[in-house]
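Starting off with a structure, shown below.
Lettered A, B, C and D in written order, each chain numbered from 1.
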Amino acid sequence: MSLTEQREGIEAGRLDMFVDGAFAFILTLLLIGGESIPDSTGKLLHALGGIPAFAVCFFQIAFFWHGHVRWRKRCLGAGASGRWLSLLLVFFAMIFVYPLHMVFSGVFSSISGGYLPGDFTVSGPADMRTLFVCYGLAYACMAGTLALLFSDAARVAARHGLDNLDARREMRIWIVPAAIGLASALVALLMPLSVPGWMWSVPGLMYSLLFLIGPVVNQFNRRYAQA
Amino acid sequence: MSLTEQREGIEAGRLDMFVDGAFAFILTLLLIGGESIPDSTGKLLHALGGIPAFAVCFFQIAFFWHGHVRWRKRCLGAGASGRWLSLLLVFFAMIFVYPLHMVFSGVFSSISGGYLPGDFTVSGPADMRTLFVCYGLAYACMAGTLALLFSDAARVAARHGLDNLDARREMRIWIVPAAIGLASALVALLMPLSVPGWMWSVPGLMYSLLFLIGPVVNQFNRRYAQA
Amino acid sequence: MSLTEQREGIEAGRLDMFVDGAFAFILTLLLIGGESIPDSTGKLLHALGGIPAFAVCFFQIAFFWHGHVRWRKRCLGAGASGRWLSLLLVFFAMIFVYPLHMVFSGVFSSISGGYLPGDFTVSGPADMRTLFVCYGLAYACMAGTLALLFSDAARVAARHGLDNLDARREMRIWIVPAAIGLASALVALLMPLSVPGWMWSVPGLMYSLLFLIGPVVNQFNRRYAQA
Amino acid sequence: MSLTEQREGIEAGRLDMFVDGAFAFILTLLLIGGESIPDSTGKLLHALGGIPAFAVCFFQIAFFWHGHVRWRKRCLGAGASGRWLSLLLVFFAMIFVYPLHMVFSGVFSSISGGYLPGDFTVSGPADMRTLFVCYGLAYACMAGTLALLFSDAARVAARHGLDNLDARREMRIWIVPAAIGLASALVALLMPLSVPGWMWSVPGLMYSLLFLIGPVVNQFNRRYAQA
């Protein structure tokens, strides 16, 4: 390994350490959530009632973290754009953690008919709009940053004359959640506050499009693999 | 080292960094426990009185962390199942920290006749049941996740035609605490609330079976080493 | 790689891990800022209003962190002076985080005419002086520590008979923000409290000199490259 | 590098990551100390007044952390005793942080005649005794754990037939602070509460013996280098 390569490797490794440490921190922050350790069984059961919402948030953030790990597999070097985009991903993750926890805490509280505790109560359509807009924008920012990271990796690979098929495929995969998050935020923003209550589940259900669009993107990736 | 192997190594290393960082956090979280730094010698002595319970919790969580380190020694590659099981272990550890601290804080407070401070007082059999069920389930989940990790390592090693004896041995070792945690939670759940008070030590004492069953598993491992 | 080199590499790697972990913590500390997770959409919007100030602080601290990463590229070994200067950088970063957040929270609050929330209100010229002096000194300490790190790297490289041009160039680059921070703190300290209000923007605007002086230093670096 | 050596290296690296992450955490915990980010210049100045005490604590804990880094240079492998002693060091560091901060906060507050803020006021000789006993014991535990780590490294090196001179030298170096901490705690414990006030500086001044004993140990190390 040449000295330049070794130095590149050290810089990339330190960026990874920074990103991994920050993500581990964000997840712990999510768990404690400003609460103290329970000191009675009642409070313990209340805290345990938050597990379903915590689990969804935990694996959603871990999903974005794994996106960054996959990016590193496509881009072993250390460039300035990769560095700033990685820091941007950490920045968005730190902001994302707030609306994420509120949305899922509210969802599980309302699904279970108030059996699972929601630290947060949705009092009306204006609250719903705020939540869905914040969540959608944060979701779109994180997925969009990952799409930019893979697009940068594809550009770097092309400059070095390497095969960048995988990087471009991953970039297309991350564009889908970014577009859906943006669309959901727009729908929530433009829907009049006077629509019937069930209509507010529409921006939430739009995220299930991820499972529909996934096969389409795979199809596209397979067809234009040579593009 | 081929490029593929190097990329596998980077992905495995980042998973390890994430797991190690999260475990280091969880232990610090356990220590601060929602309290502020003491500002008088009285509060300092109170905080120091919590050291025995903190020590037991610290080394119990470090024990599970070391289980993950041992797993990495058996499975150097980076597979999807190993990744999600590792994240699951971190997730359970974050939840486990609550009942763990409550149980041992209560145990040391009652052993010392109230001399050591318990932030938490057990007011009756219903409290005992809740604590033992939560603790047992969390314990079983963590040990069970480690058993699954080793079973996955054994499967991967077998697929590559490697010797997986150690991995299967470790898997059997971790099944024991998982089973005991589950059994203790069941006993606590099924025991009527009207039993005499000393009976509530039974689910706790079941964990001492670990020291009895250990030799049996070793025997089993030695006999079926070729299995 | 010889055993001595390997040990040097391990020591350098551990210093990096320590620095990276501490910087990841400091940024999260900056985010949570003593506040709990919001439990209503009103509080969520209030928290989101702090994003611009958070973004500036995040990237400013990330900028100093990246200075340390660049230092490692010039100095792969592990010396005592590099170690203590790195720890000093972490120490200053932990202190810097307080005035940094207060300054930018106040700046965005006053720019937006109070639309963006400032947790902190500047009540008069004495407050302005305190803020600018603290901020300037902290800024100068961090940039100065980085200049010392690069000067140490240049000294080590010269002792081993290696080319130290890059290290000396980087050292000169970091001296500029250190001098500007010091000058801004001095101006704020010496300006009489009775000057008209707009004069208090002078110590703040001095930081824009960074963009003017940058080209001058580049010119200097190019001319005295052989010095 | 053989597979066994690589696995040993991975296990040692993960222990280091755990230790480094925990120490970085402990230092951040020391800084925030249960306080929120200041929201007025008065509170900011108050927080900045705590810098001298924070600086001493920071570099004292960094000193013990560096002891662990030096230990890794003597012991590249991964053994069970090294692992548990490392975890014990982290455990003691987490406990040490409380009396450490209280002692130095009180010292700087009394040296400066109350100009620097002490979150903690020493109200009488009983308080002094408690503080010095806690501090001395914690100090002795940390230095003693490091001495045991180096003694273990010397034992491992001897078993492999390697030169263990450096490890035994470092072990002797760490025994000195352990003995002084223990002696200071004993003096504070045995001194009657009725002694005149200035006598309570004796257990504190005993730590200055470190600078006297250092040369003696060096002499000893040089003379018995072959022992």
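Rule of thumb we're sticking to: a residue touches a chain if its C-beta (ideal position, glycine included) is under 8 Å from a C-beta of that chain, and two chains touch if they have at least 3 such contacts.
Which protein is which chain? UniProt says A, B, C, D = Transglutaminase.
Keep in mind the model is a prediction, meaning the values are calculated, not measured.
Colleague: Relative to chain B, which chain has the most distant C-alpha mean position?
Modeller: For chain B, the chain whose C-alpha mean is farthest off is C.
Colleague: Superposing the C-alpha atoms of chain A on chain C takes a rotation of how many degrees, nearest 5?
Modeller: With C-alpha atoms aligned, the rotation comes to 90 degrees.
Colleague: I'd like the Å distance between the centres of chain A and chain B, where a centre is the mean of that chain's Cα atoms.
Modeller: Their C-alpha centroids are separated by 29 Å.
Colleague: Could you tell me the distance, in whole angstrom, between the mean C-alpha positions of chain A and chain D?
Modeller: 41
Colleague: On chain C, where are the residues touching two or more other chains?
Modeller: 17, 21, 25, 35
Colleague: Could you please specify the touching residues of chain C with respect to chain D in the complex?
Modeller: Listed in rising order, the residues of chain C that touch chain D are 6-7, 10-11, 14-15, 17-18, 21-22, 25-26, 29, 33-35, 83, 87, 90-91, 94-95, 98-99, 101-102, 119-120, 126-127, 130-131, 134.
Colleague: Using the touch rule from the top, collect the residues of chain B that touch chain D in their complex.
Modeller: Residue list for chain B touching chain D: 16-17, 20-21, 23-25, 27-28, 31-32, 35-41, 44-45, 47-48, 51, 54-55, 58-59, 62, 65-66, 69, 72-73, 76.
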